[in-house]
Amino acid sequence: MRIRVVAPVIATPLVPLVFEGYRAAARADTDMSLATLDSGPASIESRFDEALAVPDVVAKVVAAEQDGIDAAIIDCMGDPGLEAARERVSIPVIGPAEASMHVACMLGHRFSVVTVLDTLIPAFDHHALRMGLTHRMASVRTVGIPVLDLEDHTRLVEAAIDQSLKAVEYDGAHVIVLGCTGMAGVAQALLGGLAQHQVTDVPVIDPTVLAVKMAEALVDLQLRHSKITYPTPPDKKIVGY
Amino acid sequence: MRIRVVAPVIATPLVPLVFEGYRAAARADTDMSLATLDSGPASIESRFDEALAVPDVVAKVVAAEQDGIDAAIIDCMGDPGLEAARERVSIPVIGPAEASMHVACMLGHRFSVVTVLDTLIPAFDHHALRMGLTHRMASVRTVGIPVLDLEDHTRLVEAAIDQSLKAVEYDGAHVIVLGCTGMAGVAQALLGGLAQHQVTDVPVIDPTVLAVKMAEALVDLQLRHSKITYPTPPDKKIVGY
Amino acid sequence: MRIRVVAPVIATPLVPLVFEGYRAAARADTDMSLATLDSGPASIESRFDEALAVPDVVAKVVAAEQDGIDAAIIDCMGDPGLEAARERVSIPVIGPAEASMHVACMLGHRFSVVTVLDTLIPAFDHHALRMGLTHRMASVRTVGIPVLDLEDHTRLVEAAIDQSLKAVEYDGAHVIVLGCTGMAGVAQALLGGLAQHQVTDVPVIDPTVLAVKMAEALVDLQLRHSKITYPTPPDKKIVGY
Amino acid sequence: MRIRVVAPVIATPLVPLVFEGYRAAARADTDMSLATLDSGPASIESRFDEALAVPDVVAKVVAAEQDGIDAAIIDCMGDPGLEAARERVSIPVIGPAEASMHVACMLGHRFSVVTVLDTLIPAFDHHALRMGLTHRMASVRTVGIPVLDLEDHTRLVEAAIDQSLKAVEYDGAHVIVLGCTGMAGVAQALLGGLAQHQVTDVPVIDPTVLAVKMAEALVDLQLRHSKITYPTPPDKKIVGY
Amino acid sequence: MRIRVVAPVIATPLVPLVFEGYRAAARADTDMSLATLDSGPASIESRFDEALAVPDVVAKVVAAEQDGIDAAIIDCMGDPGLEAARERVSIPVIGPAEASMHVACMLGHRFSVVTVLDTLIPAFDHHALRMGLTHRMASVRTVGIPVLDLEDHTRLVEAAIDQSLKAVEYDGAHVIVLGCTGMAGVAQALLGGLAQHQVTDVPVIDPTVLAVKMAEALVDLQLRHSKITYPTPPDKKIVGY
Amino acid sequence: MRIRVVAPVIATPLVPLVFEGYRAAARADTDMSLATLDSGPASIESRFDEALAVPDVVAKVVAAEQDGIDAAIIDCMGDPGLEAARERVSIPVIGPAEASMHVACMLGHRFSVVTVLDTLIPAFDHHALRMGLTHRMASVRTVGIPVLDLEDHTRLVEAAIDQSLKAVEYDGAHVIVLGCTGMAGVAQALLGGLAQHQVTDVPVIDPTVLAVKMAEALVDLQLRHSKITYPTPPDKKIVGY
């Protein structure tokens, strides 16, 4: 099986680090590849950043299908370009936010998202609304670290432990969802930190590795997205792409 | 007052025709101007089309603010780029779908959307979900006419009368919302046609002229969008725009 | 254009003061007039007060239509008599609460209402429920000032600043809606006060001036309420009115 | 125990007939009394009719409490004046619609309302919205008979059977709620008629007798409405009442 | 009338104490009887406990119908076996949680549940979700006392007063629902305690006595559950029961 | 990895046939085992059947954990015992209905369930309510074949094609979910049949194979259910188990 991770950003040092997490989660017989954008932002921290990423994200997903790839993962919790990409291809396209939030609902009654910056909170409000899961999202909390500084795992883990404890104690969270794919690889350290505070009953979802497993599952099952929900776009004149 | 209509498409013969409808709806002292895209599709009939339009839509809204414009209207019922644009500017940005669907809820219990093609139905499902208005949208019906053929008003009006009557009789619609800004100018003919079938109790919302009135109202009231919901994006490296 | 403000109270000193706010918001070519009740309470601070106001509110709206008025505004955030009045007339009737809460949803994800007395909180709960906007109303907060004492703007503004700051910080409000038409005219002072606390990203909706703009917009657009939702009442014997 | 039925209409021949149904449902030791309005409409078939009834409904409920009555029932499926009356008194006040719709949810997944005229459909939409039960109301169907003609039980029962069968077959109803207190006394005939069509698995709720049982239950339990939801109105000047 | 209380537990000293509360609430002409389980747990404090209780609960409800009983009450706020039992019999079966939560909605806008242990909170989340009443349940609070220690009314009442005050002050509760049938008999003491803290406007629902009144009401009204929602199970081979 | 399928029924010829489908879906390195009940029904076609199955289902899941199994699947679309089992163990327990309905929401806007008998429709209503997905379930349709007759695949496929076409055309389904694990193995034939009617844009979810993939994914990810939502039950006296 071949899975393509489409990072909705131009090449930065963080991207291959995060990709290693995706690759490590794949089965031995799954071939993982990475695409970064030619045009787009260096990180996604707003809907504006998403908007600039989406055209090339779709192009990279289309290229993946043309390369014979079996499934694509959009490497961002904003799920940028998820719907447009699904319209253009027949292979499964995984949005880590959509997958994480629905799987969180299978694991417990209410989840909290722990993400990077306050500017991203409205995007999660929007996600919950469009999925009809508003009443199951206990809160969105932030560590206050820009995406490109996420390589400092010590600082990240410390802040994530603090926010996760608050989500459980004050917001009623039963499950924690990491709210940025750039947080890949810290779930175990976060679970360890929570355990030191006697919180051992809360699962932590790392959306990157979850996305790999969902992609593998859909390919194994020969499932793809509904083309009634995501119909093929009509042909037309397009300028500049 | 100065209002800029941003057509999320490249220049086509339909755009200035629709713009005349916007201009005619404006108050005498409102200066209306039009921007079309340098990069983007010729019409919006899918989320893919929207994706290709959005970067330049945002650029055109930013340019409008720099030109001293008081409010911008995105000329499409997909509201493409609405959130990204609001993040980048402080002037009000009107999405015709958002405005029409909320005003429809002020006029009656349930509305139906009559739009162009089946490929657009999922976008309205999505709109209703994100606004939390799913239970107030009675149905989405389509006339089966591509956007660029909408100039043929005779065919359009006939099909719109047929679908509106079905929305009222079978779907429980109390209000009709025209589901494409390219349908601008047919509301009166549609009302006339409905009256010939003894249906005189259903308002028809033309989203283009409504958007002008909402823009004028927000400017008059010095209201703009919440910058908590639409925070200014952090600065960062961006390639290709 | 001619708009009639129907105050759902008997004549009191506050009414003309508030009416000046309505008049000031109108366009130069809009003729504003005021009606007060012959029968009813001196202020609206409960659903009981509303009940006593409604019969004469409807009568005054009917009289407005007979006078050739183009639209009516019910001058109260309880929207008393909104549905009954719409059944009796064909001109648009604006409820400031309905209009404010829907427009608030166009400006941000969640709004809080800042109103006068705790006795009014259930009415806003009811408003949110009937509009299906419960999950978008972050909170209802009160300044603890009876309606007829609202003329003391210094005290009102100070309390409104305090409650608005709490709504933003503790309740997650992105937009503030003034919860009593008697608070007309304090929005600018409230915005100024918030700015002194470095809160400049939250719009404040004054429902009186918003209602004027919605009335002007609907008249311009020749839109009226759906007569399926608000059918004309059957004729019958009525005693005492 | 003493229960007062407050008919929200002036005296008509239908009122005492319906009252007999209330009386027959009461326990032997329950003293039933009837109040009709001095001011108000002859029947309730619109929100306008409700508006004219409400002030005197509240007065009659207040009088009931002063008479030492233990609970009041508002004899109408519009529940007119329910909230205002509850604010003014400490005894339980029963709204037949509120009681019927919640009890219907205890008996099955989805209920349909079978009421008199199309003009009343929006009131049931409103009821469902304000109770948060929209997704449990399968439909509202009408027999097309004005309230004051409901004495013709033959015609009423025949039409109610027809509409109930359609509610079950086409709308997915599991429970039928009679949508007008003037339909009192036809539930058994309706059940018999349904049985002739092999439909024996659908309960039929007669809101009048249900209201008596809810009133008896609340009095027995010494339960009254929350005064946080229904706070006592502040005193003030009132003219004309 | 004959009502059977089915305690979903094996015989313990608490059961007859609670049963006395049920019996005391019944009308003079209502014959109350009690069944306890032959197989099952000593108390219900988890969904696992419920699971072990359900088969014999259903058997005891079936036996009640065969004994000519008119209605059954399942003596637990988990409503264990409610749906299965309703499938098997034609007499009304009352679930105290379902009845209490719907009646709470008739008494005020939002209720809080005060129950025994944190392990039961998810069951109330589940109840609210399945009834569609999530947005009307303000909170679930716990007194931290195991079911079999509830006989110590002094400790129970003190803790219930504390939690109820917090529910009103911090969670926005308008109505309190006792969240365990083992709390039967403390409602008056709780009301008295709240009054000592000047909280007199909040009704307290004791689900045991409420269940008796709902059972009496449904029997009086000859209402039973919809057999579309609760169809009779097909016959089949069953081992071990 | 070791996965245990717990069939919530006593041994019947259908069980091993269905189990072959589970086994075929597993990865080469996944060891699949099967447990059937010692006490319980021969098939699950009602909530009563579920009730009789649950105690032994939980016992079999507990035994699986004691055997060192990594995850358990409850082989029934009623998800019987899902919550009780999760309380008792720390390994993931998969409910095919919960997994299928959430994954269906990742594949399209609305899904329809095609299940065996009308008696099961209320269980799916209940599932959708408890997951908060009511507005995303387009319909539940039935093939009218008892579970133990499902071995006749010709008849089953024909009826499933018919019902799926109706779900798409009349109910607005975008995704089909097979509503009984006894339908395992017919998804490909159903897709083929739909294709013969030119319906190629609708994915069909077979809940058995999906459950295997979800189990493998959760084990790979070391994710288990939240113990806040599913707390370990307190110890107590239990009779008869």
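A, B, C, D, E and F label the chains in the order they appear, each numbered from 1.
One rule holds in what follows: a contact is a pair of C-beta atoms (placed from the backbone, for glycine too) under 8 Å apart; a residue touches a chain by one contact, two chains touch by 3 or more.
Worth saying up front: this structure is predicted, and the values here are computed from it rather than measured.
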Taking each chain's centre as the mean of its CA atoms, the one lying farthest from the centre of chain C is chain F
Of D-E and E-F, the pair with more C-beta contacts is E-F
Matching A-B in over half of the residue-numbered contact pairs, the equivalent interface among C-D, B-C or C-E is C-D
Chain-centre distance (mean CA atoms) for chain B and chain F, in whole Å, is 43
The distance between the C-alpha centres of chain A and chain F, rounded to whole Å, is 27
Cα centroid separation, chain B vs chain E, in Å, comes to 51
Where chain C touches two or more other chains at once, the residues are 109, 122, 125-126, 131-132, 134-135, 228-231
Contact graph of the chains (line, ring, star, complete, other): other
Inter-chain touches occur between A-B, A-C, A-E, A-F, B-C, B-D, B-F, C-D, C-E, D-E, D-F, E-F
Counting only contacts in the complex, chain C reaches chain D at residues 10, 37-43, 45-52, 54-56, 58, 81, 83-84, 87-88, 117-119, 122, 125-126, 129-132, 134, 146, 148, 228-234, 236-241
Per the touch rule, the chain C residues reaching chain A in their complex are 109-110, 135
The residues of chain D that touch chain B in their complex are 122, 125-126, 134-135
In their shared complex, chain E is touched by residues of chain D numbered 25, 27, 98-99, 102-103, 105-109, 131-133, 135-136, 168, 174-175, 200-203, 205-206, 209-210, 213-214, 216-217, 220-221, 223-231
